[in-house]
Each structure stands twice: as structure tokens, then as C-alpha cells.
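When the chains are written out, they are named A, B and C in that same order, and each has its own residue count from 1.
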Amino acid sequence: MGNIDRRILYLIALLVMTLPLFLKLPLPIADNKRSLDAFDAIEKVDQSKGNQVILLSVNFSPDTKGESLPQARAMVVHMLQRSKKFIIYTMSSTGVAGQQMVDDEAKAIAAELTKQGKPRAYGKDWANMGYKPASSPILEGMARNVPGFFTKDSRGTPVDQLPVMDNIKTADDIGMVIDVSPTASYELWIQALTSKFDIPLLLAPTSVMVPDTYPYLISGQAQGELRGVLGAAEYESLLVKNKMADQSSVGTRVMTSMAALNAYIMILIILGNVTYFRSLRKGEVTK
Amino acid sequence: MKEFFATPRHGWELTGFITACAVIFFLILFVIHLTPSSFKKRMTIVLTFVAGLYYLLEFLIPAETHIGSRVVTNPLTSFKEPLSTALMITGSLALLLGVYNLFRINGRLLMRRKTGWQNGLAFFIGFFSMLTMAMLNFYFPTGRTPEEIAKLKPLAQTFANGADQWKGWYNVLFYGGFSALGATVFSLLAFYIVSAAYRAFRVRSPEAVMLLAAAMIMMLGLTPLGTYFLTGWIQPDSALAGLKMESIAEWILTILNGAAQRALIFGIAVGLIATSLRIWLSLERGQFFDVEM
Amino acid sequence: MTNISPEQFTLIQLWFAGICTLAIYSLLYKENPVYRIFEYMFLGLGSAYGFSFLYKDVMIPKLWDPLTQGQWWWFIPFLFGLLYFTVYSGKFSWMARTLIGTLMGLAAGYQFTQVVNQYFPQIRDSFRPLTPAAVEAVRAANDVVTTQPAWQEAANNLVFFITLIAVMTYFFFSFEHRNKAVVKTAQLGRWLLMISFGTMFGSTITARAALAISRIIFIVYDWIGHYTGWKM
């Protein structure tokens, strides 16, 4: 047991992650206040007066799509189901890929809803506003003139020809900012927009960033959060409970494999330390 | 004067203004280039200070001031939006610098046939194939009607008729290549964590015990491993609900982690203000002047 | 020009993604040239992708279109941006440094203003009621209705406050920790900080696991499943 080849460890990890997928054992996901708050926040966005578009800031690359795409997808399903207008925007060159993936998901979801008798269309219900590199000072410029900042969507359509951008002039017309990102880009939104103009902010960080976001959640600078892929699974459960989605979803099924891998890692930590302390006692290793 | 500079120009006037801009710009740079290093250093310090002063003054000066019966608005606020656009344009060229650097490094690898020159070739194949398909997809998108295509020039029509092919190849390169490679590279970390868990994570001190305990509680509280198997039997509205794994994990995240992270934020904030002040006043040792100008 | 059907494209895409995935995973066995080649190709694909969107979403709408509409003044920031490229020249690199210095000054000035937006709410939230009576008073003043008992909230606030002070004491390096109370508080802060790092470590494991599992789902269900009919 002393020195297991790392390749054997990798092989066992592969089996541990794969087998639960075949067992099809979707374990129930516990409710969480943060995901519930995020869900309620989107429900509360009032677009009845024709303004208050939701700004979905997508800044993830394919590297973290395993976590970020399910998060974005769950919220896009919610917004399209409830006919909440939103625009997709990315501020980083690495986020362009994630933006395209989310746009493609929105198209697929809209097509599905249209088949179900709930017509949803690009340009009317959502738009992909493309990539504009931004820092906090640049976003402050956006706050004063939103159409001037975007000028065109990612397909080259001028902003004034997009029904989703009707009556959207300044930051006062942004109903909510949702930040889906593996980095601390939420700080840019807090600095430039949400704190200043009292705009609700939802966070969708990867699991790595979750502990870092808590100071902003508890101070009220962010109103809700999807905590990594777990948050996506919790949100999907809420969509199912509210009859906005069916049972099958990537987020929920990933949790079962994740539980198995976590158990494996915990066993390895314990095994590794048992081996280490045994070696210490035998005098094979010094502390 | 304001009208002369702020009026849009067209045709030869536009060409003239752009040329004049470039000539004056490079002339000024040439003149400054001839000055001694001490002047360049002082000029940079002044520009750094003035640039920092803009946002500070814009923030400190009230948005509106009433002087007698007149209402005077903050004159600096109107520059925010054009400055934001200018920063975006300038920032884009910084990103281009990154691409140029990659070309330099991989070009050198390929041209000098150094060890691993195949990697340089792979870089350029990936770069130019994606660039070609992305541009074709951008300029010749799918969804054009035959009437719209007929209005294009003959060569453009040929490309427009192949829009489905460009889209297909673009998806192959994006979803099949870039997206798959990126996701897989990052997923390697999961395997490295497995190896590190067995070989490297040693509980040698009380601090390590605390770290491990917190990590295990998080792992149990964030996945069904703890929330279902360990404490799934506890009802959410029972007296023991606070002992559910997810509740314990949430408490640690909110109270202990939240407070510790906030303390870190305060430390970082103070450091950021101090560093920003030093940069603004050009007090940083060796700031931009590591090499003699 | 190629003449490939959408179904064939789907198959090409699937196989290309599968081969790319296996090429990267070959590193787990050992370092090899196949992994290196695909890694460099990834770099090329990624930089071209970012560059093409920079061109489409920034240079065209923000620079080219306004210039062709007669707004000649946008050429000036473009000229400034060109100065970045002088960083490679020893003789002219002062231009890049001047530009970078100016932009750093801009950012530094901006940072001062962010104390209000970003950090003031954090400072305000740190002042919390520490006794049940104080909690009740604050709730009454803000019309807050909650089922959480006041003593529980007060206890949580006390733990929060102690953790905050302890960790801040640990990071206070401006003077030496000589006083026994300060030393003990800093030591407590260190322990509590370890708990925070433990939560980060636990979250990191979860994050990485999710990424690996998503690739395995692709291999098993999208790639192999295309032929075996396995479905999620």
C-alpha cells in the first residue's frame, strides 16, 4: 500500500466517475437558500413597462464549461419560460466561446418552447451582444449609454433594430445582472454598476470561487448564487418543481458521480495519512 | 474651434484629417524621442498623475452644483463614455500584442527547426484554420436568401453559396477542437488532485487538521455523499435540521469563511489603496524605469 | 469547396473531439509528443478564435464603422494602441512604457473611487448586533420578519465578529506582535483562516471533479454512445 503508482490511482478514479453514470442513480438534491434566492430574484424582475432587460454576463471558456454551462443553461430556461428578456454579453476574449455556447443553448431551448406553443425568438426575447473588452471604468461608460456601448449584436444587427433593446437607454433600464464566470468578474459589476445603481446581482461562479463570493452575499451586494454545478443541479430541481423543466438534466446526474469521486478522494487522504504515520512509527520517514 | 474638431468628415476631408492625425502624432513622438531620458521620465510621471486625477476628480466633484440661480454640472462626467470607448480600442491592440508574441515564439520555433518544431506547425495550422473559418462564417453567414446572394459580386457569391460548409467546419474546429481541448486540459486537474490526495496531503500540524476537517465537511455538504447518505434522514423542519450536512457546510461558509474572507478583502483593500497611491504618484521603485529610457 | 452533409459534419466533429480528448488524456500515462502537438494546436485555435471576435465585435463596430461614418477622432486611440508594439524595441520602448504608465495611472485613480462602491457595504455589514436584545431592536427597526431565534443570530454574529477581528489581527504586519493578547488573537486568526482555506480546498475538489465528469459523459454517451445507443 506504500507507494501505489499514480496511473493506477487515475484508472480507479476513471472507474469511480464512470460507473455511477451507468447505474443511473440520480440522488436527490437538497434545497439551498442561495439558489432559491437566485430563483426568486429572477421571478421578481418586472418587465411589464417594457424596460428592465436582464444582462447575462458570460465570461467562461471551454475550460470550465462543465460547471458554468449548466448554470447558464438553467437560468436561460427559467428566463425563456417566464418570457424575461435578456441579453448575453462577455467582457473577456476567453469568454467568447462560453457566450457562443450559451447562445446556442438559448436557440435550442427557444426552438423547444416554440414547439410547445410558447413562441420565443432571437432578437425579441434575447440577443447576443457580442464581446466588448471591459474593465470597471469601461462599464461605467456603459451605464450612461447602453445602446451606444453595444452598437450591434454579435450578428451585426444594429441595436435599434433589436426589439429586446427597445426602451433600454441607461443602467436604470437594466433589471438585473447575472455573472456566470470562473473569475472574480463580479467585482467589476459591483464596482461599476450594481452597487451604484442599485441593480440586483446574481452570481454563478465555479465551485472554486464560491468561498470568495460569500462576503458579497452576506453584505447584500449580491442577491443570490448558483454554487458551481451543485447550484446548477439545485436550480434545475427548482425548475422541475415549478414545472419549467423535466427530470433529465446534466447537473443532477453529475452529482452522483461527484459524490463517488469525493468519497474516493476522502478514502485516499485517509489511506495516505495512515501509510505516512505507519512509516513514521517504523522510522522509515522523518516528520 | 469645437465645431471644427467635432464635426464628422467625409471623403477627402476624412482622409486628410486621419493623415494629419497620424503625421502630428508621429511628429510629436519623434520630437519627444530626441529629448533626454530625464524629460521622458518626468513626462510619464506627469501623464500618470493627470490620468489618475481624472477619475478621482470626477468622483469628488458633485454631479450638480447650484451657483446662485445657475446649475453647473460636473464637466468631467461627459467624458466618461468616450473615454470608455477609447480604452476599449486601445485595449484591443494590447490583446493583439499577445497574438503577435505567440507568432514570434512559434515562428522562431518553426523557422529555426528547433526541437519541437512540429508544435509550432500545429500552432499555425490551428490558428489559420480557425481564423479562416471564423472569418468566412462572419462574412458569409447561413440564412441568406438566393435573392440576397444574387446581389453580391461573383466571387462573393461562390463563398456565400458555401455558407453551410463554412458553418460546418467552424463547428468542427470550435466544438470538436477548441471546446473539447479546453475542457479536457482543465479536467486533468481532477486526476492530479486524486494523486495529491494520496501522496501529498499530510496532516502534520493542528492547522492541517483544521484545513482537512473543513475540506471534508465541504465535500460532504456540497454533494449527496453527505446531504443524502449521512444526514438525508433528518427532516428539514425538525429540531435537528441544523445538523444536516448542508446546514453545517452553509454555516461554515457564511460565518467562519465569510468573516475570514472579509478580513482578507479588507487587507487587500488597504494594500490596493496603498499601491494605487504609489502608482499614481509614481513612487513605486523601478516603476516603468527598469531599463534606461 | 467541400460538399459535406450536416450528418457527416456531426460525425467529423464527434471524432475530432474524441481524438482531442484522448490526446490530452494521454498525458496521464506519460509525457508524449502527441499531447504537446494537440496542446499547441489548442493554443492556435484559441488565439485565432479570440482574435476573430476582437475584430468582429470591437474593431469593426467601435473603430471601423465610426471612422467610415466620418468620426475621424477615433483614430487617435488606435494610434495610441499601436505604441504597445514598441515594447520589443530597446530604443523606442519608452513609448510603450509611457502608454502603460498613463493607463496604470487611470486605473489607480479609479481604484480610489471604488472604496465606496465595493468596500463600504462590507464595512457597514461588519457592524452587527451581538446580543439578543440588540438583534430584536435591529429587526424591529428594519421590519425584518424571520423564524430564526434572536439568540441564534446573536451567537452567529459574535462568532463572525471574533473571526473577523482575529484574522485581521493575524494580517496586521505594521508592528511586531508582542502583546500576549495580540499574539493569541493572531494565532486564533490563523486557525480560523485554515478553516476558510479548507472550504476553498473542498470547493476546488468539487469543481475539478465536475469538469472531469463532464468529459467522461462526452466520451461515454456522446462518442461511444453514438454507436452503442447508450443514453443519459
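Convention: a contact is a pair of C-beta atoms (placed from the backbone, for glycine too) under 8 Å apart; a residue touches a chain by one contact, two chains touch by 3 or more.
Only a predicted model underlies this, so the values are computations on that prediction, with no experimental measurement involved.
Asker: Please identify each chain that touches subunit A as well as subunit C.
Answerer: Intersection of subunit A and subunit C contact lists gives B.
Asker: Could you quickly compare B-C and A-B and let me know which has more C-beta contacts?
Answerer: When the contacts at B-C and A-B are counted, B-C has more.
Asker: Return the chain label for which the distance between chain Cα mean and whole-protein Cα mean is smallest.
Answerer: So the chain nearest the centre of the shown protein is C.
Asker: What's the distance between the Cα centroids of subunit A and subunit C, rounded to whole Å?
Answerer: 12
Asker: How many angstrom between the C-alpha centroids of subunit C and subunit B?
Answerer: 10
Asker: As a quick test, compute the distance in whole Å between the mean CA positions of subunit A and subunit B.
Answerer: That gives a centre separation of 18 Å.
Asker: Residues of subunit A that touch two or more other chains: which are they?
Answerer: Subunit A, residues with two or more chain partners: 10, 13, 61, 63-66, 93, 97, 132-133, 135, 137, 207, 210-212, 215, 218, 228, 230, 258, 261-262, 265.
Asker: Going by the touch rule set out above, which residues of subunit B reach two or more other chains?
Answerer: 55, 85, 87-88, 91-92, 95, 174, 178-183, 185-187, 190-191, 193, 212, 216, 219, 222-223, 253, 257-258, 261-262, 265
Asker: What residues in subunit C touch two or more of the other chains?
Answerer: Touching at least two other chains: 28, 46, 49-50, 53-54, 56, 58, 62, 106-107, 110, 118, 122, 196, 199, 203-206, 209, 211-212, 214-215.
Asker: Would you pull the subunit C residues touching subunit B in the complex into a rising list?
Answerer: 1-4, 6, 9, 12-18, 20-21, 24-25, 27-28, 33, 36-56, 58-59, 62-63, 67, 69-82, 84-85, 87, 90, 92-95, 97-113, 115, 118-119, 122-123, 126, 156, 159-161, 163-164, 167-168, 171, 189-199, 201-206, 208-209, 211-212, 214-215, 218
Asker: If you look only at subunit A, which of its residues touch subunit B in the complex?
Answerer: Of all residues in subunit A, those touching subunit B are 4, 6, 9-10, 13, 27-33, 61-66, 93, 97, 100-101, 132-135, 137-142, 144-145, 148-149, 155, 207, 210-212, 214-215, 217-218, 227-228, 230, 255-256, 258-266, 268-269, 271-273, 276, 287.
Asker: In the complex of these two chains, what residues of subunit A are touching subunit C?
Answerer: Checking each residue of subunit A against subunit C gives 7, 10, 13-14, 17-18, 21, 61, 63-67, 93-94, 96-97, 130-133, 135-137, 151-152, 154, 187, 190-192, 195-196, 206-212, 215-216, 218-221, 228-230, 248, 250, 253-254, 257-258, 261-262, 265.
Asker: Help me check something: in the complex, which residues belonging to subunit C touch subunit A?
Answerer: On the subunit C side, the touching residues are 28-29, 46, 49-50, 53-54, 56-58, 61-62, 65, 106-107, 110, 114, 117-118, 121-122, 124-125, 196, 199-200, 203-207, 209-217, 220-221, 232.
Asker: What residues of subunit B sit close enough to touch subunit A in their complex?
Answerer: That would be residues 55, 80-85, 87-88, 91-92, 95, 141, 174, 178-183, 185-187, 190-191, 193-195, 197-204, 212, 216, 219-220, 222-225, 227-229, 232, 236, 244, 246, 250, 253-254, 257-258, 261-262, 265 of subunit B.
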